[in-house]
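We call the chains A, B, C and D, going by the order they appear; numbering starts again at 1 in every chain.
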Amino acid sequence: MSATDVVEVSGHIIDSLILAKILDEIIEAEADYKIVQMDVGKTPADLSRARIEVTASNDEALAALLARLHPHGAHPVTQPDAELVAATMDGVLPAGFYSTTNLHTAVKVGGRWLDVENPEMDCGLVVSTDKTMARTAPMHRIRMGDLVVCGSEGVRVRPLERPSGRSPFEFMASEVSSEKPKALLVAEVSERIRRARAGGGKLLAVCGPAVIHTGAGPDVATLVREGFIDVLFAGNGFATHDIESNLLGTSLGVSIREGTGVEGGHANHLRVINEVRRWGSIRAGVERGILKGGVMYECVRAGVPFVLAGSIRDDGPLPDVITDVVGAQDAMRAHVGDIDVAVMLASTLHAIAVGNMLPAGVETYCVDINQAVVTKLADRGSHQALGIVTDVGLFIRDLAEHLTRG
Amino acid sequence: MSATDVVEVSGHIIDSLILAKILDEIIEAEADYKIVQMDVGKTPADLSRARIEVTASNDEALAALLARLHPHGAHPVTQPDAELVAATMDGVLPAGFYSTTNLHTAVKVGGRWLDVENPEMDCGLVVSTDKTMARTAPMHRIRMGDLVVCGSEGVRVRPLERPSGRSPFEFMASEVSSEKPKALLVAEVSERIRRARAGGGKLLAVCGPAVIHTGAGPDVATLVREGFIDVLFAGNGFATHDIESNLLGTSLGVSIREGTGVEGGHANHLRVINEVRRWGSIRAGVERGILKGGVMYECVRAGVPFVLAGSIRDDGPLPDVITDVVGAQDAMRAHVGDIDVAVMLASTLHAIAVGNMLPAGVETYCVDINQAVVTKLADRGSHQALGIVTDVGLFIRDLAEHLTRG
Amino acid sequence: MSATDVVEVSGHIIDSLILAKILDEIIEAEADYKIVQMDVGKTPADLSRARIEVTASNDEALAALLARLHPHGAHPVTQPDAELVAATMDGVLPAGFYSTTNLHTAVKVGGRWLDVENPEMDCGLVVSTDKTMARTAPMHRIRMGDLVVCGSEGVRVRPLERPSGRSPFEFMASEVSSEKPKALLVAEVSERIRRARAGGGKLLAVCGPAVIHTGAGPDVATLVREGFIDVLFAGNGFATHDIESNLLGTSLGVSIREGTGVEGGHANHLRVINEVRRWGSIRAGVERGILKGGVMYECVRAGVPFVLAGSIRDDGPLPDVITDVVGAQDAMRAHVGDIDVAVMLASTLHAIAVGNMLPAGVETYCVDINQAVVTKLADRGSHQALGIVTDVGLFIRDLAEHLTRG
Amino acid sequence: MSATDVVEVSGHIIDSLILAKILDEIIEAEADYKIVQMDVGKTPADLSRARIEVTASNDEALAALLARLHPHGAHPVTQPDAELVAATMDGVLPAGFYSTTNLHTAVKVGGRWLDVENPEMDCGLVVSTDKTMARTAPMHRIRMGDLVVCGSEGVRVRPLERPSGRSPFEFMASEVSSEKPKALLVAEVSERIRRARAGGGKLLAVCGPAVIHTGAGPDVATLVREGFIDVLFAGNGFATHDIESNLLGTSLGVSIREGTGVEGGHANHLRVINEVRRWGSIRAGVERGILKGGVMYECVRAGVPFVLAGSIRDDGPLPDVITDVVGAQDAMRAHVGDIDVAVMLASTLHAIAVGNMLPAGVETYCVDINQAVVTKLADRGSHQALGIVTDVGLFIRDLAEHLTRG
């Protein structure tokens, strides 16, 4: 009645905790294991490799367990081709579809391993009809006839290995806390951005409206102007308050220069949205010389692409906002493949949305004064995200200083 | 050079703090005032009335100050007709448009005061071409030719007066805190819901996914089944996890009955979304007998209308989700006019979006474990919202018990 | 059966909300009122005055209501002498003792009004045996025979009137939020500290250990060295980590310069405490040339007095820590009378303890990354405290820069 | 120049992550390793054992690294006797003292391994003069002549192995979050308390004042009366508000039954403290029949020992409060050895203080509405603490129901 299979895993599986997690999954599933072969890397540089015989109470339990081991990179020793099932409806995956991780993934088709082009979490895996290419596809983009991978047989993933070397972030993996030496963290983040950019890496900034409210708009504008930001994702609020602060000197009606409420200021953001709707687009306002500064202005001037995604709490919204959320996701997806570093600034909604889209390898910094946001991002699977609990206004100002004075 | 006008205000202006706020606005604007007449209500039941001569440094400053006094119900003694300007573009208000509050509002047209039908914050005010009706209109619904009120002359609002009488909530106006006697608060909220319903009032529930994660789904389902909830607003996550918990017994992959992760469970919500997409709608799943319980099921069965609004962090989404955020707002607006009590349960995004739409008179309870959410709702102008910082799972279970056992 | 009295109140009672609060208290107590006389200040500069006839259901209810009106400065028109009762035990007040506020207070004895010397909240009010002086006394300092005021007759308080004039803080009274322009707030706080000091005012800094953990120790040390801090209150943790960071370069074992954990670092704070115990005192370490920098070093060098108060979570503690909490309170009391401005930095426990001791007139800034702490301080009655929700490390660095570069 | 040693570790070192952490420490210390021998447990039940040759750049670095490996249970293969140094001053440990963990510990003296009697974190290790017993001693209890272990040679610790088996808590180790099925967590905690008690285990409750404010006082009183709580730790605030709510029906002046402020109520806690001071002790009030209910009453009646520890924010305090914090710690220490389960209820200060004292094996539940508190407890080393982010009032009521109805 009981069912058995042998899985294999290799890499820095001991110090990256991978082997421990695998054994943990087996024990939690109330299955048994025997380590049938184990080559432990003798030195830090050596890879280790383990073959583990797994025994569960029945075939179904075994299949379930293998599915749990899968994201840790433990795969059956001999793998058949992946099962491909053609979609029978647009926008719907075949039942039993393989649900993707954001890890580097390969799929076995016709005896060959195909690398998946664009790792993204929570998607389907589609193999081209000529079986030479594999890509992830979000559910809504499935078209009838697409060949979709079902089950996890014939799929391999490569789990992230923790980078070695000490850094101010090492202790943050386990502990997201506000009680850290912040000046050091700023310096380290700016150093990593520099390093990534030196290697041709691209930086994505995801901005919430608090960036403007806390007075950091001009600093982000500087980063855009000086070429540090390659893509900007935000919402209606961020763009509106950025323009409001440049046209009217207020953010949500509060004076940016004096910190005090302004007469009639509570309607300023509506007046700004209304005017931009009259212009037809933010770009039109820049070109007509009406909008002369700020983050959105600098994006238009520098040709930095931006995606403004709609939300149900939007007033207006600005004409540049993509009000269809699926359309907005697709617009973001078009940029995500190029990104090497992502900085998420005081933006719960966008941080989680973008975090879900990024491949596991993208270095991600999530900056928020609210510890729960940072924790939530990690909870959702973006384990590569490093959380920094601090004041986003002061953080950005320091980051801009570090990056631009160099 | 200096400019002067006389404003009048009446009501329980002293104990409702209204007069104090008016004088405060004048002083903050660095203007002068003389109280030219003051009839103080001699007893708690009597209304008070004050006429205040306001002097600002110039016409512009005076106009700005009058605009600030406006939402407190202080209006110039003699008011001309409101200025009406025809919109020249679809979706764009005339410059200088009057930006609405969520208070009871009247507009003077042809010497008559018209009551505004549907008070909503941050909209324009449109008068019918025959000048017999006035309504609010969000920016995107303006059509070329619409007669839009500009400036605040000829517009009156009636500020909320605080209800008198003592209650467990009295101290919450100023202090949102977790350290309150929670059982009492639950009892009081349920008592108020009963009272509102006894008078024919309707209840809106706005639900976030934590309602399901914390195990309160069955309690909300009971409230729908037993007729306590008249309208439901939520997002893709709430509906998905509700269905997931009923079809598969998990919420975001965690067993609702055992609290433990389930093999392969991380993909459960995707599988559920995919199946509902195959059905075509939630209703279809109910009618085919596949979906047999839960909040969404009960809504379909009881004919309780629901609006599922899209967000950029959505997977799928469910076919019932309105992915265009402006369309989703309009769908919610269609229900908002009937509501007497709103309960917002662990839903930051929806709570703020809905809070922006509700008239000031709707009794609103915002329940969240995160104090910042509750504070944020009040900051956005929904001053009638009473915040309760507690565990939403335990709160709902107790609320359902109170309401259904009566 | 019903009971009536006439109370009088004067000041800027309308725009400081005082009259409104008084009527509110009456209504909440389900009593009736008649405003028998009301002179409204015609201009912002004029004082207003009101006489209110209050009627409650019986003598007891009236007495209770008068006690509630008392802290708002509304006192019966004719006041008898205060009732003085001699304490019959050390450390115990007579039953019915008048419980003090932190407001300016006067007590009527022998027909004369005596100003209370040292307003402090939650104390008793003791009149000297020759009836020429009145002072507050915390319960534990009462000695048998002390003449203690009982009831609230014959006691007057003067409520705080809100300062007029606009400032970045105006909107913070009602809304403690993290979404504020922080650079402006820093500038404003430093300006106010400068102004207070220019007038001879003294600054109290209350510091939690996060000041050191976030890397701001050197900035606080600079502020002490340059004479900006006149008194320092802290606990064992702050002083220990300050010394640890100067002797060993770590704070709770984390390198201040590199942000990384240090081998054996988890015991560093214990080793530091142990060594200071060997020296006998912090001063001894400075004098022997072992401790050469940091906040505590600068305090010793500059003769800035400090109080280190013990807590049950202390390791060691340092020999300078006052382990008896009542003794520690008394040591703090000895300094509190001189203070004009208090800055509370990331220190929940000490912020609340010190907030309870300060007279209402002390300008207080409470800086913490956790909104709940700031709210809690205000809840406890320190209404003059302005909360700033931000990263304390970045805040102090900026504050030190502002103050020292001037 | 480089230095080498061989360490050995055994246990469930792979699935408990112990081996991974050891290799991690070595790599972070920039040292090299060779795994010279590795016996991997073939099945979940088998122990594993590893011998690792560690090479650091010099003797000092090696010693530091060995100190870091020590708490993971990796000790040099051959261990000499521990070095014992006599203390030369009361209250001061010898420099180089071994700083204890809260793990099961043994020390080698005269070739024999002595088990340490009372594991406690952050203490010294004292061997009796006849070298037959070893115990931990907090710094202040060291007496001149005490034989204190220095260095980590000759000391072994046994790291905690994670319990196997699935539970609602399994996912909480890594994720402290408010979005969990709370009813399940309550059921699980009560089940574990039952199980512990069935085996003769003792329960410690650590209570903050919010327990009373949120209305849970009667539930805790029930738990004491019915014998579920064996020891109670709290502060002046908890005991005062418990007595206040029983004598006067309020908690911090807010009516427990109606949730509204009571006339003069802000002074109620002071009046209560004052009366208890007059009685002389809480027990005296119970014996005289004045105090007739509540948590403290039930403790006195049932003979449940309690420790009330002082804090600088205390008013009064109650005569039962130990105002010397070192004395209070020692009073708590006297009870800590017997405890099997600890429940910390809304008490930041006490939770951390007590957490520091408990041996690693004590099952600890930390319940708070503020996620930061729960995280902070884990950060301080109490890794066995399971955090539950919820409303403490509702949690306790449910827990009491579960435990008492059984």
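In this section, a contact is a pair of C-beta atoms (placed from the backbone, for glycine too) under 8 Å apart; a residue touches a chain by one contact, two chains touch by 3 or more.
Note that the structure is predicted; figures quoted are calculated from it, not measured.
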Neighbouring chains common to subunit C and subunit D, by label: A, B
Chain located farthest away, centre of subunit A as origin (C-alpha): C
Intercentroid distance (Cα basis), subunit D paired with subunit A, Å: 38
Mean-CA-position distance for subunit C and subunit A (Å): 45
Centre distance in Å when subunit A and subunit B are each reduced to the mean of their C-alpha atoms: 32
Residues of subunit B touching at least two other chains: 166, 170, 178, 261, 370, 372
Complex contact set, residues of subunit C against subunit B: 14-17, 19-20, 23-24, 26-28, 30, 32-35, 38, 40-44, 164, 166, 170, 175-178, 371-372, 375-376, 378-379
Contact footprint of subunit C on subunit A as seen in their complex: 166-168, 170-171, 178-185, 188, 209-210, 213-215, 251, 254, 256-261, 369-370, 389-391, 393-395, 397-398
Partner subunit C, residues of subunit D touching it in the complex: 28-29, 61, 64-65, 67-68, 89, 91-93, 95, 97, 99, 122, 138-140, 261, 263-264, 266-267, 270-271, 273-275, 277-278, 309-317, 323-329, 332, 348-350, 352-353, 356, 370, 372, 381
